[in-house]
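Chain naming follows the written order as A, B, C, D, E and F, and within any one chain the residues start at number 1.
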Amino acid sequence: MYKIEAIIQPHKLDDVRNALKALGIDGLTVTEVRGHGRQKGHTEFYRGQEYKVDLLPKRKIEMVVTNDRKDEVIETIVKAAQTGKIGDGKVFVYDVGDAIRIRNEDRGDAAL
Amino acid sequence: MYKIEAIIQPHKLDDVRNALKALGIDGLTVTEVRGHGRQKGHTEFYRGQEYKVDLLPKRKIEMVVTNDRKDEVIETIVKAAQTGKIGDGKVFVYDVGDAIRIRNEDRGDAAL
Amino acid sequence: MYKIEAIIQPHKLDDVRNALKALGIDGLTVTEVRGHGRQKGHTEFYRGQEYKVDLLPKRKIEMVVTNDRKDEVIETIVKAAQTGKIGDGKVFVYDVGDAIRIRNEDRGDAAL
Amino acid sequence: MSLRTLAVLAYLCLPACAFAQTDSPLPSPAAVPAISAGDNAWMLISAALVLMMTGPGLALFYCGLVRRRNVLGTMMQSFAMMAVVTLVWAICGYSLVFAEGNAFLGDLRFAFLHGVGAAPNANYAPTIPHLTFMIYQMMFAIITPALITGAFAERVKFSSTLLFSLIWLFLVYFPIAHMVWGIGGYLNPFLGGKIPVFDFAGGTVVHITSGFSALVTAIWVGRRVGYPQEPMPPHNLVLSFIGACLLWVGWFGFNAGSALAASSLASSAFVATHLASAAGAVAWMIAERIRNGKPGALGAISGAVAGLATVTQGAGFVQPFSAVIIGFIAGFVCYTMVAVVKAKLKYDDTLDAFGVHGVGGFIGCLLTGVFATRAVNDTLKLANGQAAPLGAVDGNPGQILNQLIGAIIGIVFAVVGTLIALKVTSLALGFRMSARDEDQGMDLSLHGEEGYNFDS
Amino acid sequence: MSLRTLAVLAYLCLPACAFAQTDSPLPSPAAVPAISAGDNAWMLISAALVLMMTGPGLALFYCGLVRRRNVLGTMMQSFAMMAVVTLVWAICGYSLVFAEGNAFLGDLRFAFLHGVGAAPNANYAPTIPHLTFMIYQMMFAIITPALITGAFAERVKFSSTLLFSLIWLFLVYFPIAHMVWGIGGYLNPFLGGKIPVFDFAGGTVVHITSGFSALVTAIWVGRRVGYPQEPMPPHNLVLSFIGACLLWVGWFGFNAGSALAASSLASSAFVATHLASAAGAVAWMIAERIRNGKPGALGAISGAVAGLATVTQGAGFVQPFSAVIIGFIAGFVCYTMVAVVKAKLKYDDTLDAFGVHGVGGFIGCLLTGVFATRAVNDTLKLANGQAAPLGAVDGNPGQILNQLIGAIIGIVFAVVGTLIALKVTSLALGFRMSARDEDQGMDLSLHGEEGYNFDS
Amino acid sequence: MSLRTLAVLAYLCLPACAFAQTDSPLPSPAAVPAISAGDNAWMLISAALVLMMTGPGLALFYCGLVRRRNVLGTMMQSFAMMAVVTLVWAICGYSLVFAEGNAFLGDLRFAFLHGVGAAPNANYAPTIPHLTFMIYQMMFAIITPALITGAFAERVKFSSTLLFSLIWLFLVYFPIAHMVWGIGGYLNPFLGGKIPVFDFAGGTVVHITSGFSALVTAIWVGRRVGYPQEPMPPHNLVLSFIGACLLWVGWFGFNAGSALAASSLASSAFVATHLASAAGAVAWMIAERIRNGKPGALGAISGAVAGLATVTQGAGFVQPFSAVIIGFIAGFVCYTMVAVVKAKLKYDDTLDAFGVHGVGGFIGCLLTGVFATRAVNDTLKLANGQAAPLGAVDGNPGQILNQLIGAIIGIVFAVVGTLIALKVTSLALGFRMSARDEDQGMDLSLHGEEGYNFDS
């Protein structure tokens, strides 16, 4: 089991979700985050006072998948989220020790 | 050290926290997330325009625990969060490499 | 590759970010979270009804770094976030399986 | 149950009253007085202010106090009154209250606003068009059932709220308003009533009726799921703050407008209203400072509203510093009610419609008997043409008893009418939301919308 | 294209009209009437209410409906009108509308408020200072272009919005307002017009012009990126709710204020306004209940606004229960327009400026021809001094045709003027934001600010 | 320190003044004039509007600009004034300002509103009840200390804010208001003053005093922790926008209401107010467009408020296009003050109470000396009964000097009084919150509440 964590542009969320749905990946969790990378922020002005904002809104999608689906999921996300411009985001992959479905206490791959 | 990550129904947060407290687990971090799984979303209407919402509000609880507490923690969470209905959520378990308490630079199990 | 996850006081975010910038760490993701640990919460009153709040606002910073930077990053964060008071937060370290830059599909260390 | 019996009795009686004696002549005023542009300007703007009290005023005050998922549902409970009560009032409500009829209800001569036009109704307001008087009074009928909804907020169906409110208007508001303000009304000291109750702007008609009805509904419907173990802090006190300020401002239309002219009596009621509000806020802050160590923002605005509700009955009868005393008492008593007594009794009056309006209205009714004075209001004349003494300060302590009787009659009607309305609504539509809907929130389950979509 | 040709023609014609015949004498009233403090009080407060309709009213109603990132940009589209139109109106707008000129435009005798002072302008409002009349009418010129911005919300540059609105005022608002309300205006039945169109408070002048112009702009500018596949739910319905309530309250100034005195006609217009709003809200809720199973909060407030927009034209001419009918029709028709027709035609009128104001204004114009009655408004006299019959209910069904002609003239001016204004603006500054800016949101890209910083 | 000495001197002097000469007779008007319903309607609604300026107006304008954690604390600084100043004004404030006394303070004849009733006070407003005049003026005393709180927002204890404001009223507001507006006041040109200063609606009394006091408090209390390195963007500009719009609308009551009648002078002041606000908004937007490339929403509303504050002094004395000029100057100067000068000088006037109200009030005071004209206001008569020339445009350039003297006296009182009030408060209660409390935020540490609980 792997956890795939994708940090993407907010307006790409729907595209990515649709692509994943097409792949049969349903279980996922989304978090609103702000991020910084190579992308430059912007400047705001309040009564002439400058205020630099360099943490930009992103969405984090986390999904735990079985080993065999890892690569296609990554590929799908990357394809759906890509615009080719700075700020597109990253995908990180982690090992998962175990998974439990709270409803019925299924464990492991069955829980996903 | 393990990280236990539980994604639960928002209204179960208090129950889970109380159960964990009873177990002596104090350190935890909560994030507001939205998730999708088998649970169906709902439809909203704004001036007759339909708008399907299928990311539903959830709470993510993360806690890093020592190896020996892992199982009882999982069990406690599952018991407290369970309603038996779709949407109850998942628990995922991850390995943790290290932990540091910022206040006094304690490391490892001592930091939890 | 490691993921460093730091949970810190909200008002320490700027300090930590500046310290990391000085170190050359640019890529990071910030989440608003609420946490509980040894720190005591506070009591609110609404029309005389008491209401105990013991989940306090924190910021979670996540950054994935190459193996060789792990230690200096941790050290920098701890130094910048420390006030010596209860509630300063924790740093957790996780292994990362892989990283992909969505924009150009760079992989591994090159993606960071 | 005696209450139930009484309820049935009242229910049978009322319609009979409603259509009786429609042929008794209206006392025709000697000469038709001219319309005063100044008075009409004041009354039109007062009507606008009282509408503003319900929406956005009360809607905001209430919706800021509920949980996020009920913000729209709570607003809608007020807004729907603006829509629905308006039509009912125009169709027959106005007539049932202000037409001549019997001592308990007007007849239907003004149904569908028949005969309500440019010419003044000299019985009530000889210097403004009858239409102005009608629409001004309409705004009171709108806010009263809206106040009640605070007691059962977060757990009742929208359709049931509407049906309940409609029945309630017919069983409680229309009769009590007629009795207190209508010509020949049983409690109307100015137009031929039997028991003289002074209610300048609706302490009994609006606040006692809504407040005690609120208590009955809260008990009947039961507590919210999770109450009181689960914390349910207000989701947006800024909204409640805006609402409270607009209530304060709008209340000038409510109380000073009740002079029905831009007269010095209006000025006097304006001043009394403002002073009582300020005193109520100060008192509640002091109470919170003493009990919790910190005066809260919610406390300050609740105190102001308590002061306003409490001074409503006496606004046009009392001296400025009597209003200050009334406001202070209001702040302390309502605070105690809401923070101490309610917590003890464990009923779930979500937004304290009873604790503030019921309790405030009740003590305001009695205090009017204490502080009402002909030095402020000389409308009531003795046989010899001199102004009649009003309250205890005028040497007429018996008025306190009259006020108490008025209050009790208001309470009885409120309790009985509310029970009937609840019963009928429950049979017809059910009343409470399902536990699942309550958990999901009114916004989604009743209205299919969310209040905030900050991540869009 | 015929539209384009017509546009050019009109463009060439208008300035010629504007400055023609400035020497024709004003019909001097026999005696200068005295100012009435009551009327002046009412008109000043009405002016304040109409300003409040734009800000915060309309600004909130609109900005709550857009996505979070456009909240400030949307507010600014209303607020900028409060600033800029004010100056234009004082410089020459007032004169072009209300000075005597020809049948299509006033001359410049009142430019820079020359001659606009304490003495009343007896042609329009003999009991209030000329300055009061001027500033009251200004508020209408402010809200009208602000209404249009709802159609192209979330995707047009700020500078372009301003330039477009200015040109639009000269090409559409000033001529139509003069024709309908100005002395000698082509459609003004009270001051020597050719075709008698009854427009009490701006159904044609404000709602038809803004609504149809809105449609043109929405089609011209094209849909928002992502519309309609991507969901774009309102980001904060509480704001829209506050806005709608303030619109309702402010509309009393708009409609009842249009009596230009605190007269019984004002009371009548006040009542009609309120009843139509209530009926509109009820109708829209019923429509949503039938179609989606749930009456929404956005539906309820939209229905109220539809009722208000629709009754505007007839407010001072119709009986209370005619207003109820008008409101009901408004609720159902506008709902259908917005929920069914718009979805079919797929243009992106972001905030339904056309569906509510254009459609509501149009049917309100016709319905005024049906329901206008001398029983309410006897200002128009026959040769024999008796009140002239007004609408179909007075036995004058031909008035419906007059109203239709008025509406069509309004629409033609709106469409042609808007096309010209769009074209000129596009050439001068461009109109639409870049896709990148649209994606980032108006707040950051146009104003360099964010509406909310909740994590600061 | 000379300031300190002066402070002590003033402190010793004032009480002496306060109770002196209470036996000097009031100039009794020949005949008691009748109350005008129109004037009373206008003044009551103006009073309501001015209250609405403080709450919710100013409270929202301010609380939207602070950080989320201080939203309630900031609102409370305004709301508490509505409660506390009300009582102080009724007890003795009104008397100290408007009773006859000496040139610097009134006596206590009206304490506890003794003798303040239905009969007009002909010295000030012969056509409205004395009570109306009293309550209208009360609203000014409420907003003035509330304005000051903007300067030390986010870092001062609630109890200290209250105590400071109370002392400040006695040391600054009451004397200056008496001097400018009270009978026999030193600077009152209409009622026997020595130096004629024209202050129609409180440019000196409200804006100069509060603005300069604000500066003193900001410097005294020091900067917020983290200022200016740490960014502190406004947490909710929508709230500030609502607040600014309500300030604009309410300001009609403030300025046009200061005519104390629904006269053509009120209309004139209304127009001047509106035009200056619009011009201020335009000017500030232009300034931001030039300097940052983007006109901001905060800029637009700040400019409107600057225009309003600046035109306050001259509103009832200047022609419409003079008001436009005043508004433009206000927008540019206040922008420069706030965006350039403040940044250079590095004091932390959190919400720019000085930069907008102090600076605006000061230039408005001088510009009144330039633009005041008897063509607008002919109240001041020469010996021969003709209207006296007022400002430079009337050929009386010396008035600019008079205005300057008035401004300086206002500033001296403000600075000295504020220093004393700060010192006393600090000794009695302390002034600033602890750094820990400041970090936690006012809402939790002072009031034990949170403004928003969106996740409940």
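Going forward, a residue touches a chain if its C-beta (ideal position, glycine included) is under 8 Å from a C-beta of that chain, and two chains touch if they have at least 3 such contacts.
Quantities reported herein were computed from a predicted structural model and do not represent experimental measurements.
Q: Tell me, which chains sit next to both subunit A and subunit E?
A: Looking at subunit E and subunit A together, the chains touching each of them are B, F.
Q: What is the touch distance from subunit C to subunit D, in steps?
A: Contact-graph shortest path, subunit C to subunit D, evaluates to 1.
Q: Counting C-beta pairs in contact, which comes out ahead: D-E or A-F?
A: The comparison resolves to D-E.
Q: Looking at B-D, A-F or C-D, which pair matches A-E on over half of its contact pairs by residue number?
A: B-D
Q: Using mean C-alpha positions as chain centres, tell me how far subunit B is from subunit E in Å, no decimals.
A: So the centre of subunit B lies 53 Å away from the centre of subunit E.
Q: Could you give the separation in Å between the centres of subunit C and subunit F, each centre being the mean of its C-alpha atoms?
A: Here subunit C and subunit F have centroids separated by 47 Å.
Q: From the C-alpha centre of subunit A to that of subunit B, how far is it in Å?
A: The mean C-alpha positions of subunit A and subunit B differ by 18 Å.
Q: Which residues belonging to subunit A are in contact with no fewer than two other chains?
A: Where subunit A meets two or more other chains at a single residue, that happens at 31-32, 44-46, 94-95.
Q: What are the residue numbers in subunit D that touch two or more other chains?
A: Within subunit D, residues 36-39, 41-42, 45, 231, 233-234, 236, 242, 262, 292, 294, 296, 298, 448-450, 452, 455 contact more than one other chain.
Q: Report the complete set of touching chain pairs.
A: All chain pairs meeting the touch criterion are A-B, A-C, A-E, A-F, B-C, B-D, B-E, C-D, C-F, D-E, D-F, E-F.
Q: In the complex of these two chains, what residues of subunit E are touching subunit D?
A: 36-39, 41-42, 45, 49, 67-68, 127, 231-238, 241-242, 245-246, 248-249, 252-253, 256, 261-268, 270-271, 274-275, 277-279, 281-282, 285, 292-298, 300-301, 303-304, 320-321, 324, 452
Q: Contact residues on subunit E for subunit B in the complex?
A: Residues 228, 231, 233-234, 288, 291-292, 294, 296, 298-299, 302, 335, 338-340, 343, 352.
Q: Please output the residues of subunit C touching subunit A within their complex, sorted ascending.
A: 3, 17, 26-32, 64, 94-105, 111
Q: Along subunit A, where are the residues that touch subunit C in the complex?
A: Those residues of subunit A that touch subunit C are 2, 6-8, 31-38, 55, 58, 60, 74, 77-78, 81-95.
Q: Using the touch definition from the top, list the residues of subunit D that touch subunit E in their complex.
A: Where subunit D meets subunit E, its residues are 35-42, 44-45, 47-48, 51-52, 55-56, 59-60, 63, 71-73, 75-76, 79-80, 82-84, 86-87, 90, 112-113, 116-118, 128-129, 131-132, 134-135, 138, 158, 236, 239, 242, 262, 443, 446-456.
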